[in-house]
Every structure is written in structure tokens, then in C-alpha cells.
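Sharing a structure here in C-alpha cells format.
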Amino acid sequence: MSKQQISKYPVPALTDVPEDVRDMMLAVQEKAGFIPNVFLTLAHRPEEFRAFFAYHDALMLRESGLSKAEREMIVVATSGLNHCQYCVVAHGAILRIYAKNPQIADQLAVHYSRADISDRQKAMLDFAVKLARTPEAISESDHAALRDHGFDDEDIWDIGAITAFFGLSNRMALLINMRPNDEFYLMGRLPPQPEKKRPGG
Amino acid sequence: MSKQQISKYPVPALTDVPEDVRDMMLAVQEKAGFIPNVFLTLAHRPEEFRAFFAYHDALMLRESGLSKAEREMIVVATSGLNHCQYCVVAHGAILRIYAKNPQIADQLAVHYSRADISDRQKAMLDFAVKLARTPEAISESDHAALRDHGFDDEDIWDIGAITAFFGLSNRMALLINMRPNDEFYLMGRLPPQPEKKRPGG
Amino acid sequence: MSKQQISKYPVPALTDVPEDVRDMMLAVQEKAGFIPNVFLTLAHRPEEFRAFFAYHDALMLRESGLSKAEREMIVVATSGLNHCQYCVVAHGAILRIYAKNPQIADQLAVHYSRADISDRQKAMLDFAVKLARTPEAISESDHAALRDHGFDDEDIWDIGAITAFFGLSNRMALLINMRPNDEFYLMGRLPPQPEKKRPGG
Amino acid sequence: MSKQQISKYPVPALTDVPEDVRDMMLAVQEKAGFIPNVFLTLAHRPEEFRAFFAYHDALMLRESGLSKAEREMIVVATSGLNHCQYCVVAHGAILRIYAKNPQIADQLAVHYSRADISDRQKAMLDFAVKLARTPEAISESDHAALRDHGFDDEDIWDIGAITAFFGLSNRMALLINMRPNDEFYLMGRLPPQPEKKRPGG
Amino acid sequence: MSKQQISKYPVPALTDVPEDVRDMMLAVQEKAGFIPNVFLTLAHRPEEFRAFFAYHDALMLRESGLSKAEREMIVVATSGLNHCQYCVVAHGAILRIYAKNPQIADQLAVHYSRADISDRQKAMLDFAVKLARTPEAISESDHAALRDHGFDDEDIWDIGAITAFFGLSNRMALLINMRPNDEFYLMGRLPPQPEKKRPGG
Amino acid sequence: MSKQQISKYPVPALTDVPEDVRDMMLAVQEKAGFIPNVFLTLAHRPEEFRAFFAYHDALMLRESGLSKAEREMIVVATSGLNHCQYCVVAHGAILRIYAKNPQIADQLAVHYSRADISDRQKAMLDFAVKLARTPEAISESDHAALRDHGFDDEDIWDIGAITAFFGLSNRMALLINMRPNDEFYLMGRLPPQPEKKRPGG
């Protein structure tokens, strides 16, 4: 499977991208063990690449009333309804790891209505899915429903902005036929291995 | 996760179901290593249970121009669009095994448009998805498109009948909140292990 | 009109179908005065034929909190929204007879919202239509709404399973262009005739 | 059934409506044997009544490349998709009579795709249904498709204007819960009776 | 822009239309300063023209619990959702003038949910939009919601009938590619000019 | 109108935003004569603000096979279908200016199908609208249709990425009830004034 094209567009060699872009790629490779294809494929346009990841990090790394797992739940649930293979597979992997739950991503990708989530998380996804699919229908009563579940206004901005950003991401991935790395499919599905004693450890 | 309810309805004990129903359950357990929850939950009504599995086997086990993997592709692609957790997870597992492909089910569950399938299979799923979601729109030109890809009339009946049967199955699963067995999530995702020498083997 | 094809697929002669299939046909002919085309056309595949009618009878003939007329209401209302000519015409006839009401089927075929039905029946069809068209949207609150109208859990299974089964039936009919018998169009529309004295009676 | 309300709004007595309105009612009664409820219920507002029937007659009585049966086909097919009980039942009756076909209305009310109509009529209804449901999608290529079937520009205006007028009519009927007269349900379903010799005739 | 066709159909010269039709055109020209294209283009069929404007005037000029601006709000909001260029542009102009508000039409054309309108007007448009887009879904509870906002039954008829009439109008405009006059685009956008002293005034 | 809230969220004073954010605001004020509310309202979160405008500028200011007017056409047409008041009003103004056409934005906001645009631009918007509303349906044949109209692969990326970015922008605006500045409503609607001699000029 690894021979498949990862984009309809040219994918630049690491040696051909601007230094700051390459540094970002090497940093993620250091951490994840491989470079996710969203980095490789969007590097075709460095300026948009920088804005994309700056936006991503501003939303996904900030302090928030939402846990990291909850933010990934939004990504997987809305990307499923937007039918984006890349985001479901890649962020499904990340969600499994953050949530320490090997089933949650597959459940949310099908539909959040039967997933193993709390009522609060269900309310969060009601809002996200509505904004993703019929944005004009979001009204004050939807904000109020979230506040009833303990989300504050900044949390609601987070829910909405993550939904909005991954709506962009889904469309970019579908535009260029972005292909998820093979590595994502299995990540977070196996129970953590007992750490082996390293030689000399 | 194994403590979760597998149905909104009572699940009979194996000792309480009619003998023929129990025999079917034991046969599948023998083969799969566990009893899929669709057997346990539908056994609440033995008559419907018998008809359900008779229908299933008539479609899924018969000689056909469709391979077993292709039949499961129909199940996974239409169940994804019908948002049925049980069928996507359980038949996703079966598809991975038949197709010997650990990625194909996750791809089809999101949408068949970007899955690693042949043009012939894409045509097959065009038809299945149309029948699943806007059945009145199926016309002679859709049949003709399948014949152009080498499907004969019996193959087309298979495609349509599998779609129709799993439309029923999806609705039953959503009606009773049927929960997939934990085992399905990982099946077919790992490369086959080299068989270990058994002690005394 | 009687010269029209009743299926896109070959329709076997009575002499060519397995004996048990033929017996079922003769039994219905004895009772109804003619063989409904669903028997003739599905006999093309005897195994699926047997499962189909076993499923049908398990749902439509069992003891239930739903009257036989109410079960046919579900069939007509959901088949109307699924645009299935065969099921609307054939089950519309059966509904007129069970309900002793010559108007109810035409009303439900258009939409259940203006039909002459009770509030309890309207609730029943709210659930059935939701399961038929947006099955993932069915939630515990929909079950609760039915219980508020006096339906118990087994009645709800009946409502859901009949909807699911006729969703299959609708798709099979649309797949093969199943044509309703001419007889159905007028059945149950005329007031019952005073029984004439038979010669020698 | 005759005791049911025929409108959510007051229905004026014949003695209370303006003379020209009453004259129209008596004329239709003379011809049809009863006053269709659309006359009785819309008479609540005489000015709108006059405009409504003037528009109706301008479209339905004019010389046209469309036969009267074809015009009623448009009414029944689009009213079915708009879920208007009054128009499907009342115009279904008229269509059966014009087409001398007891089945055509029930078929078109479910969906025009499987009705016993010519390819030319199918093209006519493709256009009508598109204009009824997604009017912005009508484009020059849809006009061209009709011209390919021998419709001229005035015929196309007729198809479109009848669709548009009955879209209004459907919404008025649904607004006021207009109920069809009992008489419509059976009209045109029975073969014409051989005229009996009247006593002294 | 003034050279663009205003209809797919022939537009009759003023000298060629029946006298009463011409008189209506000259009257509106006298009042508005130009003849709106809906008059010129529909004059292709004088009988329908007369019925159309009789209907229009019966609804838009009658005494009503709805102000003239509110009636135009219904036209603009529903025509926006029906994607009718002519009605949005022409009635948007009229609305700006009646409401003495240069922004309201552009807001309603996009969606009424964020427009500067009262809660009562929002309830009015909830009803109108539902009737325009999913007419079968209108039920007694929708009527009740309007009565809660102080609308009486005649006001509700007005809301529904205006929606229904402009659904017709939208479809006619889309059918014939009716083009709005250039004049409409700017009407009501500029603050009223201080009246200049006329020579000799 | 100027007293209306421009966001559901706090709008920071210019003195309270980071210097680089303030500099961007002052620069746009210098150029446009006022600060568009998208700057004021998104400044509530400076990091996201920076990423948003970096992305915007990367797409809207770059060299491209699409003219600036064409890029704004994409924004207005897709924002209309997404029902985003802010983007339709603000980018409608910008489009009128770039296209030197006072009508084009109002036309595109209603629907691109009847707008005064070239066939090439219509193809561009076919693609954009499909990606905006049913992104999974975009396939190689849609890319091919654009290439047939002379767009190269980089132009197609521009069309897709602008659509994706404004899908994000629409959702942010609907999330926070972003209100367009009063100034936008009239911009580009009046013919350019002959420059008056300034006093002492």
C-alpha cells in the first residue's frame, strides 16, 4: 500500500522545502516516528502550510476547558460526516492515544449518537455537527445548551473553531486526495506493551 | 468496555434459547472464537432470528459473480452511510479478513469514493449506495452501467439484495442499540503471525 | 394492463418452483383469489423467497400490541416515503380491508401528517418514518415518546422491525421493478356487497 | 367520514358568498355532481378565490401541446412529492377520468419513475419535479431535453407554470388542512357502466 | 447591463398587449418610474398575467395584521431560500423602501436567522420558511407558535398565502430566466435626499 | 444600526491588542477608511487572528490564474449557500469593486446559476459549490471539467482552497454572530464620482 500516491499534487522533497517548513517536519518525525502526509502534501505551498499549522496549533495546543481527547472527538465526528478519509484515519489514531480507548474513534467515525461518550461530550458534538453541516441553524439556544453542560464561552469558541478549521482541512484533503500514512491505521489499537528491560538498563 | 449493554432489549441466556438457535450460536462460536452480538441480541425473538440468518446466508454464502470480499464491501459502504455502528465494526472486521487488507474497511466506512478499490467495485458501490439512500432513483441506466462493468443480472440482484438486507440490519441494530463485540475492532488489522511450533508439535 | 412485465427478472412458472414455494403460492391464491406478484417475482430465488416470507410472517402474523391495520399503516406510510409502488398499492389494499376504511391508505401514502389516525398512531408513524429515513437519529427519547402513548418495548420492536423489513422489501421491489397486480387497485374501496343467495343455497 | 372538518378556517355557506363565487360553485356542482372542497374552503377569501381559479383555468383549460391528462399527470406527480393530500386525491380522480386509466394516478402519486407513461411524459415529469423541488437547478439543458422530446417553448411554459401553480395550491391546502371530498376517492376507478335503460326511456 | 435579455420567452411590445394589461403597466410605470420586468415578461400570456397580478394584489394590498414591510420580508426570505434572483432583487428593493432600512433585504436574502428583526417577525419567518421548503411539516403546533406571538388566524393565512404565491412566482421567474430591472439594485439604499426647490416651486 | 453588537464575544479595544495585530488593523483602516469587523472580532484571540489573516492573504493576494474578482466570486457564491451574512455583505462589497459591477454580488449571493458570469466562471463555481456543500462528491471528473475550461492544477488548488478557507470563515462568523460594518452595504454600488476640486487644490 505504501506505493500509492499521497496527493494529486506534487509532493516536494524535504530538501526542496523552506527551512522552517522542513524543521516542522523533522520535529513531528522526531516525535511520531514518521511524517504525517498532511505535512508532506501541504508543503507544496509553504505559505499556506505555515498558516494551516499555525491555526491548527493555536486551537489544538492551547489551554482549554476541553481535553485534548475531546478536541480530537470533534475532529473525528465531524470529519466522518464530511466523509474525509485522511482526517478520520489520522485523527482517529490520535484520539485513540489521547483517550486511551481503542474503540472510540471507530465509533465516532460512524456516528457520535451511539459512541461511548458522556452526556457533556454528546452535547459538545451536537453543537459541532450542527455547525459543520447546517451552520446557519446554530442559534443562541445551542450556545445555551452547551453552557447548561458546564462549557463556558471560551470552550464554545474552541468547539466551534475546531469544527470550522477541520471543515477547511476536510475540504483540502478531499481536494487533493490526501492519503493517510499506513502507520495511522494501527496506532492506539493495541494495549501498551510492558516496557522491556533494555540491555544495560 | 466488556460490561456495556449489548442491546436495549433483554438478551437471553444460551440455555434459554430454542435448540436450533443455540446450535447456530455454538457453530459460529466454534468458528470465530466468540459469539457475535447480532446472534445474542436477535435471539430475543427466535422466529425473526431464524428468518434473519436464513436471509443472510442465502445472500452471503451463495455462489456469485461477487467475491465474498466484494459483498462485505457493499455492507461496509452502505452501513457507513446509514451510520450503523454494529455493521461497520463487525463487517469491517470480516471484510479485512476476506480482502486480506487491513485498511479497506476504514476507508469504505468513511466513503467509498477514495477507497482502494477497482473501477468495477466503484461501479458496484455507486449502485449499492444509490439503492440504499435514494432507492426510487435506481433506473435501467444504473443496471446498464453495471452490465458495462461485466456484472450480469444475477450479480446485480446480489448487489441490490445485499444492500436491501443490510438496510434492514442497520435499522434493527440502531433500533436496539446493538453493540459490536470488542473482538471485532482488532480483527484483520495485524499481519498473520508465523505459526509457532506448539509444544510437542 | 395485464400484459405488462411484473419483474425485470425471469418469473418462474408454477410448475418450475420447489414444492414448498408452490404450496405457499397456492395457499395465498386460495385465500386472496390471485397470487400477489411479490410471490411470483421473488420465487426467482427460492432460498431468499423462503427467508423473506418467514420474516414477513414472523412480524405481521404474531400477537402484538399493534393491530393488523396498524402494522399495515407502518408499511404504507414508510413505503410512500421510500417511493415504492408495489408496497403502497398492495399493502394499501390490505390496509383498506383491515381498517375497513377506503380512504386511509391513499392518505397515508401521501403523508401520514394529515391522515385520519389517532394521536397514538401518529406517534407510531413518527417513529417508523424517522427509522426509515434517518435511522441514526432514533434515540432513547423516541422510545420514550412511544412509551408515553402506551406502547411497550415489544410493540416498539414491532414498529421498528416492520419498518426495517419493509425498507428491505421496498428496495427489492424497486430493484426488480416489481409490478403490483391489477386486483390490488380496487380492493377495499367498495362497500361490502350484501351477500347474494347462491343458487341452491 | 363526511363529518370531518374540511378546513382549519371557517367555510362560508353558499348563501354568504358573493354571487360570482356562488355561480362558479353551482356550475362545478352541476358538472361534477358535488362541489369540490377547494371551492368551498378558498371561498373564505373571495378575492383570492377569483384569482386562484382564474389562474387555474388559464393553465388547465387552454389549448396546449399537452393533453388534459398530461397536465393532470404533472399535478399528481408534483403534489405527491410535495405531500399534498388534497391535490393527490382530487386531481388523481380527474387524471383517472381523463386518462381512462384507473391505475395511473396511484402510480404517479408514489413516484413517476415506475408509472405507465411514455418516455415523452417521463421527460415532462423530470422537468416538472426538478422545478417543484430544486427550482434553481433548472437550466437551459433541461429546456433542451424537453425540446428533444418534441415539446415546443409554449409547452414548456405550460409544464413549468402548472408545476408552479400547483406548488402554490399544495401549500394552501397544507396551510388550511384542506380535506378532499369523499367522492374523489372512487372516481374513475370503476369501468364505465353500460347505461341502463331508464324507466320510460 | 441593460442589453441583457429579460426572459427566455418573447417580450411583447406595449403596443401589442391587451388594453387592460397595458393600462396596468402604464400605472405602475407612473408610480415607480419604470415598468418592472415581471410585468413585461408575464405579458407574454395575458390571461395568466391578469390572474397573477390579481392574486398578488389580493395578498399584498389587503388590510392585514402584517405590515407591508413584513409581507415583503416573507417574500425576500423565502425567495432567498428558493434561489430566485428576480424576487430577491426586486422585492428586496421594495422591502428597503417600506422598512426604511437599507440593510434588511440583504440580510434576509442570506438567511433570516441573523437579520435585524423582532422575535415576532422571526416567528413569522420560521413559519414561512417551513411552508416554503417542507410544507408537509407544517402542523397545528406551528399555527399555535404564531398565535403565541399575537398573530390571529387571518394573519396566519396571509403569511401562508404570501409564501405560497411567491413560491409560484419564484418558479415562474426561474423557468423563464426573468431578469430584474437595473433600477432595483440601488432603490432604497441611499438616505432620502432633501427635496430640492423646484424651479418656480 | 451602528449600535448593534458586532460579536457574541468581547471585542478588544485597539489599545488592548498585541502590537502586530493593531498594526494590521491600522493598515486596513488606512486603506479602506474603516476597520472591517472581522478584524475587530477575531482579535479576541490574537493567535488565531494571525493564522486566519496569514491564510487569507496567502490565498487572496498570491499570483494566480484567477483574477481577484473571480476569487471574490467564489467567496460570495459559497457564502450565500452557507448562509453567512458577514461574508456575503463584506465580500459582496469587495467583489463589486474588483469587478466594477454593482449587480454581480447580489446575483451570486442568491445563486450563481443566473449570474452574469462567463461559462468559465460558471465551471469554477460548479466546482466550488460542490466542494463547499458535498465535498466527498468531488472527483477526478470535476478536476477534468475545470482543466477543459483552461484552469491549470494550481488554479484548481486556488479554487478549492478559497472555498475551504471561507467555509471556515463562514462558520466562525455564524458562531460568533459577526456583524458586517454598515459601510459594506453601499460600497461599489454607485458609479465612481468625478473627482471634485478640493478647496485650495
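As written, the chains take the letters A, B, C, D, E and F, and residue 1 is the first residue of each chain.
Heads up, the rule we're going with is that a contact is a pair of C-beta atoms (placed from the backbone, for glycine too) under 8 Å apart; a residue touches a chain by one contact, two chains touch by 3 or more.
All of these numbers come straight from a predicted model, not from anything done at the bench.
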item	value
Set of chains whose contacts include both subunit E and subunit D	C, F
Of all other chains, the one whose Cα centre sits farthest from subunit A	D
Interface numbering overlap (same over half, different under half) for subunit A and subunit F	same
Whole-Å separation of chain centres (CA-atom averages), subunit C against subunit E	46
Intercentroid distance (Cα basis), subunit C paired with subunit B, Å	26
Multi-partner residues of subunit F (each touching 2 or more other chains)	83-84, 111, 113-114, 136, 174
Touch relationships between chains, expressed as pairs	A-B, A-C, A-E, A-F, B-C, B-D, B-F, C-D, C-E, D-E, D-F, E-F
Residue numbers on subunit C that touch subunit B, as the complex places them	8-9, 44-45, 47-48, 50-52, 54-55, 58-59, 62, 82-84, 131-132, 135-136, 138, 143, 153, 156-157, 160-161, 163-165, 167-172, 174-176
Interfacial residue positions of subunit A with respect to subunit E in the complex	136-137, 139
Subunit D contact footprint on subunit F (complex, rising order)	111, 113-114
Of subunit B, residues touching subunit A in the complex	1, 4, 79-80, 83-85, 88-89, 92, 102-103, 106-107, 109-111, 113-116, 174, 177, 182, 185-186, 189-190
